[in-house]
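I have a structure I would like to understand better, so I am pasting it below and will then ask my questions one at a time.
Think of it as A, B, C, D and E in the order they're written, each chain with its own count starting at 1.
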Amino acid sequence: MKELIITSLLGISILALDIVKLRKAILPVIILGLLGTITSCILDWGHNENPFNNNMLLFDNYALGFIVILSAVTLVWFLISTDHFSGSESRTDLYALVAFSFAGAMILAAYTNMVMLFLGIEILSIPMYVLAASNKKELISNESGFKYFFLGALASSILLFGIALIYGATGSFDLPTIATAITTNGSGTILTAGLLMIIVGFAFKVSIAPFHFWAPDVYQGAPTMVTALMSTLVKGAAFAAMFKLFATAFAPTLDFTQTIFVVMSIITLLASNAMASIQANTKRLLAYSSVSHAAFMLAAVMLANTISPSVLMYYVLVYSVSSIVTFATLYHISKAQNGAEGFDAFKGLVKRNPILAGAMTLALLSMAGIPPLSGFMAKYFIIGAVIQADQIWLAVIMILSSAIGIYYYLKIIMAMFTPIENAGRIVITDLQRILFIILSIAMVALFFVAAFVK
Amino acid sequence: MLTEYAFWFLSFLAVFSALTMVVTKNPVYSVLSLILTFFAIAGHYFLMNAQFLAAVHIIVYAGAIMVLFLYVIMMLNLNKFEDEKKSLFMNSLSVIAGCILGFVLLAVVKRTDELTIVAKASSAEVGLVENLGNALYKDYLLPFEMASVLFLAAMVGAVYLSKKEMV
Amino acid sequence: MEKLVSLIPLFPLVGFLYITFFGKGLSKNLIGGIGSGAIFLSFIVSIAVFTTQLHGGNPTTVKVLDWITAGTFDIDIAFIVDPLSTIYLLFITGVGFLIHVYSIGYMHDDEGFNRFIAYLNFFVFFMLILVLGDSYVTMFVGWEGVGLCSFMLIGFWYKDMKNNDAAKKAFIINRIGDLGLIIGMCIIFFQTGSLKYDELYISGSEASSLQGWHLHAAAIFLFIGAMGKSAQIPLHTWLPDAMAGPTPVSALIHAATMVTAGIYMVARSSDLFSASDIASDVVTYVGILTAILGATIALTQNDIKKVLAYSTVSQLGLMFVALGLGAYSIAVFHVITHAFFKALLFLGSGSVIHGMGGEQDIRRMGGLKKYMPTTHITFLIGTIAIAGIPPLAGFFSKDQIIAVAFENNILIFVLASLVSALTAFYMFRLYYLTFHGKFRGTHDQEHHLHESPKVMTIPLVVLAGLSIVGGFIGFPHAVGHSVHFPHWLDHFLEKTVVMPFMEADVATESILMIVATVIALVSTYFAYNMYKKNEELALEDDEIESSTHLTLVNKYYIDELYDKIIRKPVDQLSAFIGKFIEPNVVDGLVKQVSAIPQGIGAATKLVQNGKMVMYILAMIIGLIVLLITLI
Amino acid sequence: MMEILPNVTINHYLMLSVALFTIGAFGILFRRNAIIMFMCVELMLNAVNLTLVAFSKLWGGTDAQVFVFFIMVVAAAEVAVGLAILMMLYRNMHTTSTDVLDKLKW
Amino acid sequence: MLTIALIALPILLATVIFILGGKAAKNIALGGSLVQLALTIFAAIQLHQGQTALLNFNQVWMGSLGINLAFSLDGISIVLALLSAVVSPLIIYSTFNKTLKNASVFYGLILLMLGSMMGAFLAADAFIFYIFYEIALIPIYFLILIWGQGEDRAKVTLKFFVYTIFGSLFMLISLLYVYQHTTPRSFAFDAMYQAGQALSVVEQGLVFAGIFIAFAVKMPVFPFHTWQPSTYQAAPTAGTMLLAAIMLKMATYGLIRLVLPMVPDGLTEYGSWAIGLSVIGIVYGSLMAIAQKNFKLLIAYSSIAHVGLISAGILSGNIQGVQGGLFEMLSHGILAVAMFYVYDMFESRLGHDDINKMGGVRDGHATFAFLYFALVMGSVALPFTSGFVGEFLLLIGLYQANGWYALFGGLTVVLGAVYMLRAFQKMMLGPASAVTTAFSPMTKQDKIILIVLVALVAILGVYPDPIMKMSNTAVESILATIR
């Protein structure tokens, strides 16, 4: 609970600091706030199993784990993107929006009530709509923001209809109560319809086919660092929420939903990887790759009653780390050459900035799932679980799409190692350099500590 | 008896004006039809003893949201026919998709016989301000507080987007 | 005493290594001395080992080194000492030594002298391994090794690509045979679990577990190996080409020793072959065909070495006839006598070529008798020996082959007699054209004509002596009984090879001997008549009109045929695969597979077209599809 | 049991809200004017609200009505942001047609 | 502990080189690889004496998943360990005459690759094996990408990388499938063998298919080979050596370790297609080699032929085939390094490797000709060269599976001679020419490397028994688990 308070206050205090013209203090406050959140989570670890405030939130280890991961991601994001908004005069607004969004993410990790779910999603999303459109002069940013917002609103209404039907069938918004009701009464048509509509709502949020079409457009149009946030914070939180929902409230229906999830995963994998492999724009490519990773995480949700949530947590963490690195690198590269985002922009990076190139290479290899990088273990856990659930076909498709994934990730790596003439250095700050190095180490180190998953 | 007639009347009104909202070409008419729909829905709330909600509904939707819409339309000077170029293909596709969706949803929700309803206490007085207030400020205090965060965020966002950059 | 056997191959090996690595500054005579000395030492040891067998020693194996271990497949480098191997040892080292000595003179002026001697040593080493090996695998070591040395020596003058091609041809055709041999070994191992002679044939007679088609297949595949090495149809084409090598090589490898490895191997496997009638028939018919083919082609060849080469092919064919008919010891007998006189003939021809300054065409020779007396005499002895005129070596061995053929198969008998007649004819044709008549070469050549040095002629003389007396080791019954030396070789070999069932009475045998002699004499007379008396000359290439003659000169166009049906198709197939299959079919498949994502992508593009309505439509259709499952 | 008003069952209300929901969805597909489409979303949200109120009547608890309240709150916030985005879009594009938004594709 | 040292040493040294950089890199690398060689020989002696205390290592890594850091050096692993330990100093030394940009990274990557390949050879846990199997790809990928030759190397490496990973992911599925049937869950080889053998025949056949595709791509076996010639051509010579000499051995080694004992019934019942493909690959690779005019491509295709034979022999599943396969791996590794070194000598001296434009080098380069010829003989599997022992046993083994396979596979005996001799003749023989003069005499480095390699070829050919005896027991015990 403390965590949520800290975070909410964080957003407000950012705004307050702006008002009192203490802009210099904003970043330290953010760092303090996020570190405070992490510390508080660690202190609460294992102690807090009681739900808060009439079963609205439950800060159990599941929630705390996700909160720690998401706060760490947000913290890194803030540090690594310090120069992203430096040009913008009203960057405090954006910082505050990120902080609010993070609060929403936190709610999604800890909710135990549909109301909180709904609110969490909206608190997470509404700032994101704005952030996606935050590059106000850019038409594509506008387009991105609008598409995100509008389709998001549509998805929300479908999700809400689903929640309404679930309420109609069970008479409750409380997750455990819903689970009990389903177990005692069985799942009728209305309940299942509600369930399906909730799936649609979530599928939209986490970009699962055929509800993913917004994702590449929005990711591409949004400012790069915002995209980084979308693919880490938003996605992680949405999956945390989804997993929780299907591990508690809808656990009795998982056998039914499994087929749906399998089909959706397969479609997602095929569509996203196929599209990614024909992209010329790396940002859009990464967007599609993000969609394909969603399919892996969806598999974790699908197996919510057999798999340990730590598998999903691990995946989110691993994916977030590499995702932040890729988008941050892309940001630096594209900033250095007038917003170019094609493969050519990456050419000669190994000379222009070896640290960026190294970190990017590791990140891409990690996403591709090549040992000894953490991405391999993450995928391994999922595929192993999928096979255990006897969904061999899904596993095969996952494997095939991983191979396609390697193809397009390597295209970027290839470009980085293609020498070019008279390339200027790409300058990054010391802090960023350290962060890139830390993240690189993390990508390898997470592989070896994967033992603690489960 | 009366409620039954009221139900049918309000329902018809809601559906009709909703359809008008969709098909009419003039955005202003659309807004006005939607407001009519909202009133009809508010009427339903009254029928179902949700007086507080009906009031809030009128205030928020008809009073605030739709006014906002109207305001935007006026400000952007959209109160004229804007030619929407659409292919017949997409049109028919959307009609077909809409019809099937409606059909499917209807087919689904008519299965209420499968529901096992366990009615709760104090059913008659539910919609009153007192009860709702209790629920809102006791059970749902946290969401209520978080709603304020949501508003703050939305406000900041809207302000950010609307203000001119002073560079 | 038997332990000494491991020294036999060691000497040539050491000789080879020493000359290769330390021979750089040494004088040619010293090198020659080392090379021939090594062989001579081996010869001495061979005699010692031979005597143990002569005095009734039992076949023994001497293990040198653990070699290959794979489960039950356990092969050592070990040497078998038994009559068959020791008799081979004797003539390999003996003839080998003589040819080494001869080479010192013959190759004296060649810049690759050291290399030559080293290679010869190396060859002898492998040849010894071949006959000493106690299992098929060890034999195969020598088998391939001699092929390697043959390759190196045929292409000895590597600057001429023709030599290299001949060398390559020899190696590759041999390899085809080797593949057969390998498969044969595979079959034997698969069926019996062993490849060692003593387990297979001598002690346990494991070979009896070879039954049915396995037996025939094993024997036939082994014989394919023999076909390659011993130049039998259809793998014979390399041997005439192999004459591209220096003449001592032709004498040693392509006449006396290596090419008889096939006979050795079949004799070694006599248990196997005698059990398989099909294989034996195959061997017989292939042998007789080869014999006829070789003999007929030899009639028309004008290159002195080519004549001898085809003669070798033909003689080898006869040996296989003997093998096929079950007369293994007689085949070995013919191998030995053949080694003597064919080595003699080759060395003699080498002497001629040496004297002629490299000229090999008998149409450019004639009347050499007076310039090279020693060579002439020894060559004549060789010719008589091969023609089968008693009492020289060739007579005894060939006669017995014909006798066996008579016992078993009249058709073969007739054909073998024909071969015998042809042999006498073409050999005397060669002899007369070379040594009689008047000299037809250039003035320069005439001026330089000289007898070869002692170091070359002494081996000739020794070999001539052996060609005269060599046949006595295998007197046929008729003569043998009278000198108390009947079939000495047969008795000596009977421990290791299967003896034919042959009970011809003395009268038949004697008649056959007389018939054979008459045939040889008659065709000698024909040759004499044509080439000596009428002084007919061989036609120049462009004068030939008769199509039969042309076919023979062109060796039945077999090379051309192979070129057409094997080499070209393989090349074309390779080119086709390389140009079409690989990029289009195999890699094309890969490309097709990798195009699948692009295809899916292209389809997805239709929806992902940037228009929001499409996305909404997709969502709603998705929703509908999900909900429709509920109805 | 299923009657929540005299002679009016839950089914009636569900059908009504489904009708409204579908009209909203249809409108979104059918129209290209961003504002109208946005209004259609609002209509869909109202359909949800109506459902919830009807269920609330059926179940007799306050939860659903509180939920409706929150939906309204969120809808208001969404409208604020949405219209801000729309305005911005209009400033740059001078149209509210969603058809012109196809810079981002494939 | 020794096993860990064998894996850790190159990796640690690689890290050192990465960090220190500079000119010392190549000497550190060479020194390290020599130490590695010494350690391996020490390990071999230990194994020979039957002291396995130092050779086994087992440490729980992910206990709940049954993944252990288990390494063990047995008679099979030692062959491969020896191969990579023997060959790696030579490979490193072979680059000494080249000026490389970022030399420290280059040598570091080579060492990394050696470490990971060693890891795969020594692993006693299927998961660890898989990890190392994959890791090895990364260094070689960068070696080719950065130091390779040709404009299209980026494309080529892409194909190589994607293709191989694509294959090995199937192995992952198969392994996971078997893993699901272990009780308690464990990736340890023994447990996997048990679980695999308990599967139904159809399941085994499918598991086999998955694993085989992975190895088939890596080896490569027809028709999964199309990445290989172009990759070999694009790679720097040292990289090609690593690929051909050691890396593809991970796949053939995997056949022995993972396929034979894990899915024996599936192999016998449904495995003949794999043997068939391997056999086709033998002939196909040979024919392709005949069609090549570039020496490097010729060796590349000949490698396909050789590896096809190894694969077919091992899959025939009897001790002769497996032993032959093991030994042929060793031999092929040594010969591949040698052949590519010869290629490099020509390439660096003449600037091309078109055999049609060569000739006459034999004249005046007698020593080189001798050494090269010895290598040619080794690669056509002449007895008393290392090539023979392996190839012969493989054919013996293959025959036991199917006589026709042996007959077709045996064609390599003939076709191998065709292309190798053709190449040798075109390159070395014939009259002296401009090429002869352009071909500068062998340097000390050339001599050392070639002489060592030729000596190895000869020694292993004449006296292979110590190694064969070592592996014999291990192979027997692995095959014993099957029946």
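We take it that a contact is a pair of C-beta atoms (placed from the backbone, for glycine too) under 8 Å apart; a residue touches a chain by one contact, two chains touch by 3 or more.
As the structure is a computational prediction, the values presented were derived from the model and not from experiment.
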| item | value |
| --- | --- |
| Chain labels contacting chain A and also chain C | B, D, E |
| Chain hops separating chain D from chain C, counting only touching neighbours | 1 |
| Chain A to chain E, fewest steps along touching chains | 1 |
| Distance-maximising chain from chain E - centres being C-alpha averages | B |
| Closest chain to global C-alpha mean, per-chain Cα centroids | E |
| Centroid-based (C-alpha) most distant chain relative to chain A | C |
| Between B-C and C-E, the pair joined by more C-beta contacts | C-E |
| Geometric centre distance via CA averages, chain E-chain D, whole Å | 65 |
| Centre-to-centre distance between chain E and chain B (centres being mean Cα positions), rounded to whole Å | 70 |
| Chain A-chain D separation of Cα centroids, rounded to whole Å | 27 |
| For chain B paired with chain D, centre-to-centre distance based on mean C-alpha positions, whole Å | 5 |
| Multi-partner residues of chain A (at least 2 other chains) | 115, 119, 122, 126, 129-130, 133, 136-137, 147, 150, 154, 158, 165, 168, 171, 189, 193, 216-217, 275, 407 |
| Numbers and ranges of chain D residues touching at least 2 other chains | 10, 14, 21, 24-25, 28-29, 32, 38, 58-59, 61, 63, 66, 70, 74, 77-78, 81, 84-86, 88, 98-99, 101, 103-106 |
| Chain B, residues touching no fewer than two other chains | 93-94, 97, 101, 105, 108-109, 112, 115, 117-118, 120, 139-140, 143, 147, 150, 153-154, 157-159, 161 |
| Contact pairs between chains, per stated definition | A-B, A-C, A-D, A-E, B-C, B-D, C-D, C-E |
| Chain C-touching residues of chain A, taken from the complex the two chains share | 147, 150-151, 154-155, 158, 189, 192-193, 196-197, 199-200, 203-204, 210-211, 213-214, 216-217, 260, 270-271, 273-275, 277-278, 404, 407 |
| Residues of chain C touching chain B in the complex | 613, 617, 620-621, 623-624, 627-628, 630-631 |
| Of chain D, residues touching chain A in the complex | 10, 14, 21, 24, 28, 34, 37-38, 41, 44-45, 47-48, 51-52, 55, 58-59, 61, 63-64, 66-67, 70-71, 74, 77-78, 81-82, 84-86, 88-89, 92-93, 98, 101, 103-106 |
| Chain B residues within the chain D interface of the complex | 1, 3-4, 7, 11, 14-15, 18-19, 21-23, 27, 30-31, 34, 37-38, 41, 44-45, 47-50, 52-53, 56-57, 60-61, 64-65, 68-69, 72-73, 75-76, 78, 82, 84-86, 91, 93-95, 97-98, 101-102, 105-106, 109-110, 112-113, 115, 117-123, 126-127, 131-132, 134-136, 139-140, 143, 147, 150-151, 153-155, 157-159, 161-162 |
| Complex contact set, residues of chain E against chain A | 61-65, 67, 130-131, 134-135, 137-138, 142, 145-146, 154, 157-158, 161-162, 165-166, 169-170, 172-173, 176-177, 179-180 |
